[in-house]
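Chains here go by letter, A, B, C and D, matching the order in which they are written, and residues are numbered from 1 within each.
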Amino acid sequence: MAGFNKVVTSYADAMAGLKDGMTVIAGGFGLCGIPENLIQEIKRLAVTDLTVVSNNCGVDGFGLGVLLEDRQIKTMIASYVGENALFEQQMLSGELEVILTPQGTLAEKMRAGGAGIPAFFTATGYGTPIGEGKEVREFDGRPYILEEAIKGDFAIVKAWKADRYGNVVYRHTARNFNPLAATAGKITVVEVEELVEPGELDPADVHTPGIYVDRVILGKFEKRIEKRTVRTR
Amino acid sequence: MAGFNKVVTSYADAMAGLKDGMTVIAGGFGLCGIPENLIQEIKRLAVTDLTVVSNNCGVDGFGLGVLLEDRQIKTMIASYVGENALFEQQMLSGELEVILTPQGTLAEKMRAGGAGIPAFFTATGYGTPIGEGKEVREFDGRPYILEEAIKGDFAIVKAWKADRYGNVVYRHTARNFNPLAATAGKITVVEVEELVEPGELDPADVHTPGIYVDRVILGKFEKRIEKRTVRTR
Amino acid sequence: MALTREQMAQRVAQEIQDGSYVNLGIGIPTLVANYIPDGIEVMLQSENGLLGMGRYPYEDEVDADMINAGKETVTAIDGAAIFDSAESFAMIRGGHVDLTVLGAFEVDVNGNIASWMIPGKLIKGMGGAMDLVAGAENIICTMTHASKHGESKLLSQCELPLTGAGCIRRVLTDLAFLEIKDGAFHLLERAPGVSVEDISRLTAGKLIIPDHVPEMQLDA
Amino acid sequence: MALTREQMAQRVAQEIQDGSYVNLGIGIPTLVANYIPDGIEVMLQSENGLLGMGRYPYEDEVDADMINAGKETVTAIDGAAIFDSAESFAMIRGGHVDLTVLGAFEVDVNGNIASWMIPGKLIKGMGGAMDLVAGAENIICTMTHASKHGESKLLSQCELPLTGAGCIRRVLTDLAFLEIKDGAFHLLERAPGVSVEDISRLTAGKLIIPDHVPEMQLDA
């Protein structure tokens, strides 16, 4: 098979090479668009001392929350972590280091990591605890702080469809941080609901071009809903 | 009509408010995806002392080149300007100030302008004339230079389709700088080949969300080809 | 009478302009969407990557892949756009959102806001709040005027760690609608039946009271 | 004999690995696409926003909206992706392109490259060249070894304004294939029929010559 078949057929192959102490960037917002099975594989691998970068850390028993059960995460970089009792417990006990990062800054740090931008200025967080110790500079009379890029040894991504080149599309708001994570991993692994043939995705509508993607795996997903809000007819 | 009908019906309305000395950011790469008619309207308006930001400056008699005929451009920020005799002449005579900017840095400056990032570090241009006078800083042992964002009083954009909310899609490689220009204008004007109803564009495939767009106009386009390379059957 | 949460949402909704892009935070701000007047077309931005957020889904429309920033299942209107989180915060940080409505623990006379962290209590994180307050030109802060113990939340200087510095211009509390400028709260309106004296007593920061302070006009 | 342009392209093509992403500059680099061996699958990146550039179009396929970075009409392969210029240079600057092939006026023993500007001559601009040399880990520079007047273009120190500093590792000239490391050119191969002495005479920068310098293997 030629060099562009990025499809792997086992989760063991998908996460091969993950080691203790590595940094893993994960897509997803809350439980929406999270790489459920890649996370489960990390649990199975029992690697420890991970730095995990993700907007949230799942809930007890699902999503990134399962990596807390065996204390696999050493450092968590996230914007909101309030949905998870085990997380609270490990944070309060000091077992888990937490680096809270504003959501937009987190997204931009991932993008910057993938885009060869080592650092950028942003107004977000100036004058707050987030700005402490960071360089401040004025542009046009307004103060900004310097924020650095984030890169991962692995990026784990949940998408809708992919072809064997690793071209990817996401479904609805399950896109969120996934395309950014995808750019920032030394090894980027995407799990999808559907594999398609090259040419089936319109080139203009590809959300993540295959150049960012190293491995693709077909998965089955629970897609748990955090807050089911409905209206009645 | 409610507040979200951004469609205007004359080019005079499309460019209303453009004044001498303003900065105009234009989409397009070479002659591909250029806002032909918006440029013609700027010529008709006879405004002068413009700063124009665009990857290229058209050719003699077409694209941004027409704004050179009446010396409407004072400063040109571009990455490549080699297709245009009048441009050369005005550059050599000193009538036209030219700020050459690497293509990727130019794209990133526009994106940064739209995204509230006043400045960013990049390795591009370090150690070259482009880096002279700019702050140098090392990250992970590699030197980078600081580049500042670009914003425009106007952004002029060529797209394929738009709805009345200003949601936009581009066609093939006519996308290029257009989505970036669209984010960076105080007033962003998009000319399109086709107007569609809200809902006709798949939300997941919108290239420029309407929040960046102020005015939409339906145009007719020559779409001149710079280098017609073909193969024979 | 102090405003109910619904009345606060109703008053904020009156500030929304036709053809504007609005980000509504969690809590009272979310309720604002229910009170947008007929004939006013608004595009709701949800910072997880949705412009043109619609109503909650019917049971048979529920889709785990379509949620808002509060992680609630939602729908998208015709003319919506969906994008990634970097694009979403490019919009927010870049000042493209016309109005942001969010809650707070404290605000002060210099427009500082504290809304995310109470030392000694569990820290859940700031989510997108720091980006929203840094990016929006136009913010309305919704909050109760004072704590249950009668301690003012409109201060000379925020005591809690800040979410943003010098970024809040308008505050809608259960007692009053106020503008922040020149180092003071300027009383614009009072809740129906609430006296200027009550507001003054519960405002710790400098308060400018004009000769006439109209009552808010609320439907129903 | 010095290599022809086609032979230079042919030799560079031998360096291309299966399953790699490649950006080919204008001129000789563009010709490389014609010599990619059968069984080698390569994805060509064109910096105006196309990953998966295909062949030139037939007359009836020509589309003004489908061009490459040389502004030539092209096609896209099945499995292509199209994106904006910021995304395109995110790929390039972020080091995601496996191999970049581009021309140069001069290179030197420290991997500096000058390719965009000759003082006194008309300046056309750097286009994407500065981004490409700053972003790619792996660059092959294609150029004639010396000017028509016999002046070497492989120098101790570039004399023209730089396009990038310390970024070139491999150079393919019409006379030789060389690696740049440790402040010297290392001669890897010579063009068929070209002597080590000729190469040495036309290389101004420090040249390391191994005991055996094989001739390039070229088809046809």
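A few notes on this one:
Definition applied: a contact is a pair of C-beta atoms (placed from the backbone, for glycine too) under 8 Å apart; a residue touches a chain by one contact, two chains touch by 3 or more.
Predicted, not measured: the structure shown is a model, and the values here were computed from it.
Annotation of subunit A and subunit C: jointly contacted by B, touch as defined at the top. Between A-D and B-D, more C-beta contact pairs join the chains of B-D.
Between the Cα centres of subunit A and subunit B there is a gap of 32 Å.
Separation between the centroids of subunit A and subunit D, computed from CA atoms only, is 35 Å. Our note on geometry: subunit C versus subunit D, Cα centroid distance of 55 Å, whole angstroms. Subunit B and subunit D have centres, each the mean of its CA atoms, that are 29 Å apart. In subunit C, the residues that touch at least two other chains are 50, 76, 82-83, 89, 92-93, 134-135. Looking at subunit A, one finds that residues 108, 111, 115-117, 122-123, 171-172, 175, 203-204, 207 touch two or more other chains. If the chains shown are joined wherever they touch, the resulting network has some other arrangement, not a path, ring, star or complete graph.
Those chain pairs judged to touch are A-B, A-C, A-D, B-C, B-D. Interface residues of subunit B facing subunit D in the complex, by the touch rule stated above, are 29-33, 55, 78-82, 88, 91-92, 98, 100, 102-108, 110-111, 122-130, 170-180, 207, 223-233. Of all residues in subunit C, those touching subunit B in their complex are 17-21, 39-41, 43, 45, 50-52, 76-83, 87, 89-97, 134-135.
Touching subunit B in their complex are the following residues of subunit D: 46-50, 55-59, 62-68, 70-74, 76, 82-86, 88-89, 92-93, 112, 117, 122-131, 134-135, 161-166.
If you check the complex, the residues on subunit B that touch subunit A are 108, 112, 115-123, 137, 139-140, 142, 144, 148, 169-172, 175, 202-205, 207. Put simply, subunit B touches subunit C in their complex at residues 2-4, 111, 113-117, 163-165, 167, 183, 197-199, 201, 203-204, 206, 209-212.
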